[in-house]
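Two complexes come next, and they have one chain in common, chain A, joined by chain B in the first and chain C in the second.
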Partner chain A sequence: MPALIAAFFVTIALAIVSLFVGVSDVSLTSLLSGGMDGRPGEVLLISRIPRTIALVLAGASMAISGLVMQMIVRNRFVEPGTTGTSESATLGFLTVTLLAPGWPLMAKMAVAALFALGGTALFLRVLRAIPLRDVLLVPLVGIMLGGIIGALGAFIAYRANLMGSLLAWNMGDFSGVIRGRYELLWFGLAGCVLAYIAADRFTVAGMGKDFTTNLGLNYRHVMFLGLLIVSVVSAVVLVSVGSIPFLGLIVPNLVSMLIGDNMRRTVPWVAIGGAGMVLACDIVGRIIRYPYEIPISVVMGVVGAVLFLYLLLRTPRGAK
Partner chain B sequence: MSTAAMSTNPLARLSRPAWVLIILSVLAVASVVLFMTLGAKGSWSFILPFRGKKLLGLVLVAYAVAVSTVLFQTVTNNRILTPSIMGFDALYVLIKTSIVFFLGVGALTSISSELQFIFSLVAMVTFSGLLFRWLFLGEERSLHLLVLVGIIFGTLFRSFANLMQRMMDPGAFNVLQDTLFASFSTTDPALLGISCVIVGVVSVVGFRMMHVYDVLNLGRAHAINLGVDYKRTIAIILVLVSILVSVSTALVGPVTFFGLLVVTLAHSLIGNSLHRFVLPASVLLGIIALVGGQTLLERVFAFDTALSIIIEFLGGVVFIALVLRRSAR
Partner chain C sequence: MSTLFRSTAVAAALFAGALSMATSAIAQDKVIAHAQGETTISGVPEKVLVQDWAAFDNLSALGVTVAGIPGSNAPGYLAPSIPADAAKIGSLQEPDFEGIAALEADLYIVGARSRNAYETAKEIAPTVDLSVDNGAIIDGLKTNLTKLGDIFGKQDKAAELIANVDAKVAEVKAAAEGKGTALVVVTNAGKLGVYGPDSRVSWLYNEVGMPSALAAVNDGDHGGDAVTFEFLLETNPDWVFVVDRDAGVGNEGGAKALLDNELFNQTTAAKEGNIVYVDPQAAYITMNGYSAVMLLLDQVLSGLNG
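Coming up: the complex of A and B.
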């Protein structure tokens, strides 16, 4: 527990740093001298605070959705990015942008979530066709399925002259977050809370269908709840800031290395870890090429790929 | 059908692979002719060199990708891994980006494009050799692990290149963009000459080793038993593969699944894995897919760069099918 509190404070510290990093000068002294009505106060209220909240919400909910996914697929190496979920959400968003451009963002998000649900269900269906499930085959098939769905999206976007938008959606970036443009992310928080409440069910569902049914739980309901959380979170994050690679994979795995697999215990860790990692990567992206910004998905791509490779190449020695 | 009729007909004595090669050659020639002539308006003295350069680029790429994929699969003894799935072409992009990032844009503008190309080739051969040695020649690893590691390495190289591209100043980025931004419809003409020479040299070296490839297909232990200097042979083949990947990436940019698509199709058409059939069949299929596909998209459907998207889509489907079939056994 003390470790958890320490991690919590580290994340809080990162969030405070995030408030004061940027081109426009916002510091305690400038805030005190100008008050909340001056320019620093305005920047803080309209841009910095929303951005920091968005980072925390997106980080925590993406990490949690990765954890839920890993529980219900019973595989360590899955997350929305390696199961075709993110690509399906993008395809859904693209479709609704093309067919019904006038719909409110909320409705578009719902369509993206529906597509994400469908794509993930398709992934699970393909998985059932594999009799011998190799741990590494599952993410491999997911990545390829994501590639196929992505190519489908690219084909449509190419014909409709929307390649630019597609590129922007695939590139997670918090620089556009201002007040009024991130509030959908609160749905992600709802997903986290739901995951925490249902944590024990997911732990049980992770032990298999027969075991779950034996304990008197409806396996299909638990699976559906899990898929729903993952799909809604993916869609919300995609629509608000664009997709963030590797996050849902890295954080739960690191947490599991540290404190094990009991989901009731790991949920707060994963949420705090996800928020912390996203905050750190975004701050790095903001200062590494100051005064310009580097999108978080680029930073996360490098950090995440290195950590993923470490996880992959580390396992054989332990497992064999 | 009577046996008398068959023995008098010389064509009937041809084996299945020979038939496949003949039909593929006819189709390849047909796509080349269509590419050069279809929808041609204006003087031929302009059209022939203009389309000829494009054609040469496409054929070179088809050849380089097909041969490098077949050889890579021979070396790694599998039918799923390809150089581009292992992230080799992303590595090329990363090397090119690093040159601009660390040496400055002056390095790109002051040195001739041939010299640059050779410089990136050397870097590419060195790094891919190291990567390969580490992944394949060490402890035994499962195929799925290798594929996954390869894909993630590809992502890492791409992200790294992306990061450096965003950290350099916009002017340098524009210059780099010009050298990296290539696709099937805009092959880089400046590199055609040197690419031809390089591919020619690689082919001569590769052809002289033709007898070894089928032996390598038997697996490492058998190959060593039959007198192949295993490590040296593998090292040479890998250098050839790295060079071919560099050539194709320099000409058209990364294409993840093209090699897999062509070689898988070649294997299933030919019906055996003898290199004297599979190699030419893969090259011919590559030419048909690229030149024919480009003709179809440009002249018939009137939209061009989407060929890479279609290849990516089909390649992904073939890949999943291959993996599923393998694990179903």
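Coming up: the complex of A and C.
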């Protein structure tokens, strides 16, 4: 528990740091002398606060969707990036960009979410068809499925000269976030709240279909709610900032190492941990090549790969 | 009448034959020095393949017909001059080596994106690499025009094109004098990058002489260095030249909508309406082609004068 309390304060501290890292001069002294009407106050309101909120929302909701995914698939090593969900969302966004470029972002997001839903459902369907023995086989199947869907997207993008856009979507990056350009991410908060409300059901669903049904819960409904949360969050994050790898994998695993798998208890900590990790990686990305930026997906990829290896090597094979 | 015509035609044919024999008699091996070594070409190449749109651009400006072109990313402004019967020989980055071998070309030209193909391609056909150093695009363009002029015996045309480029650069330079600092911004899927003095539009800073609004930009990445709107606000360029990579794929006006925000609108460039949208394909794909450079220079010129 003390570790979690510390994580909470670290996240708060990172959010404050995030408000004061950037190209413009925004500091307590400049804010006090200029007031909210001066340049520093304006930059704070238009650029820094929106970016920090976007980081917190994206981080928390991606980590939560990883947790939900792990619960409903009953496997520690899945997250939207290893189940074909992210690739499906990208394919959906690509399709709608090609066929209806004039649609509002909201509608494009909805199409991406529908594709994500379809892709994830396909993943679950494939899983049911394959008798699985090994815990690592599940994410492998997901990664392969994601590879196929991703290749389809790449083929279409290549044909339509959209490779540049595809690359940009795959590269999560918060540099374009300002007021008026991140608000879709609030849907992520809705996803987190839903996950919290339904946490007990997911915990039960995590124990298997028969167990769930015996307890009087509609297994399919719980699964669908989980899929919905994961798909909407993936689509929202994708169209707002691009995909962020590893996050949904690492944070829930770290939290589960500390306080176990009762989702009612883990949800808040996973959210806080996800926000903290995204904040930290984004701040690093802003500082390394100041005043230019390194996309968060690059930083996250490096940090995430190391942590993922640690988790893989640490977990005894066959453990759930 | 008809006999006269016939005898003239026969005479002409004889003369042409004699001429071609004469040329083939004096045709000799030429050694072309290029970015990755030297290549020997005998006579004037007839069947020419290009894996690079800038090279195609230069050849079509010189009036050379091309038999093979890249199968992707054809710039819109080049469309009228692309021969419909030209073979497609793979994408910009991935040449179709089998197709190239089957065409038995006299000359195969690779460029910036296809330069890695050189080692393989030189075993298949006489290959030259006409890549250009991004820091010196105009010089590179002129060198390439001269080189191609020599290869195809079109030295006069090459000299004429080079004179055109020099004149246009001088004209834009005069127009840019005293207009203040510039920044080239590239937009891609809602994200911003900046191009600096080593980028594919370096001529704006180096040859036209508009001072860059910032000290150092590294064009290590295709999109330039990623930046925020805050960065644009603080850099505060007098002129902004926009390469909109979303345009041309059914997303025109994407850059305009992206840049119309509370922070960017406070920059000098936005306040004075000094925002110039340049042809994204010319800037991004054919950055060292003759008509691309001329097109971009014209767009910058009309922006500066407008």
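Everything below uses one rule, namely that the second predicted complex is superposed on the first by the 309 of 320 C-alpha atoms of A that agree within 3 Å, B and C clash if a C-alpha of one lies under 4 Å from a C-alpha of the other, contacts with A are read in each partner's own complex, and residues count from 1 in each chain.
Keep this in mind: a residue touches a chain if its C-beta (ideal position, glycine included) is under 8 Å from a C-beta of that chain, and two chains touch if they have at least 3 such contacts.
Since we're looking at a predicted model, the values are computed, not measured.
Aligning the two structures on chain A places chain B and chain C in a clash. When both complexes are overlaid on chain A, the residue A:R289 reaches chain B and chain C alike. Legend: residue contacts after superposition of the two complexes on their common chain; A:I46 is shown touching chain C, with no touch to chain B. Taking chain B and chain C in turn and counting the residues of chain A each one touches, the greater count comes from B. In the overlay built on the shared chain, the residue A:V302 is in contact with chain B alone; chain C does not reach it. When the two complexes are overlaid on their common chain A, residue A:Y158 makes contact with chain B and with chain C alike. In the superposed pair of complexes, A:S24 makes contact with chain C only, with no contact to chain B.
In the superposed model, A:G147 lies in contact with chain B only, and not with chain C. Contacts of A:S175 after superposition on the shared chain: chain C is touched, whereas chain B is not.
Among the candidate segments 19-27, 73-81, 91-99 or 289-297, the part of chain C whose C-alpha atoms clash with chain B in the superposed model is 91-99. Counting contacts by the rule stated earlier, residues 158, 289, 292, 294-295 of chain A appear in both its interface with chain B and its interface with chain C. Against chain B, the residues of chain A that register as touching in their complex are 77, 126, 129-132, 134, 136-137, 139-141, 143-145, 147-148, 150-152, 154-155, 158-159, 245, 288-289, 292, 294-295, 298-299, 301-302, 305-306, 308-309, 312-313, 316. Those residues of chain A that touch chain C in the complex are listed here as 22-24, 42-43, 46-47, 97-98, 101, 158, 160-162, 164-165, 168-169, 173, 175-176, 178-181, 289, 291-295. Residues of chain C that touch chain A in their complex: 72-73, 91, 188-192, 194, 217-218, 222-223, 225-231, 233-234, 245-246, 248-251, 258, 261-263. The residues of chain B lying in touch with chain A in their complex are 139, 141-142, 144-145, 147-149, 151-153, 155-156, 158-160, 162-163, 166-167, 256, 303, 305-306, 309-310, 312-313, 316-317, 319-320, 323-324, 327-328.
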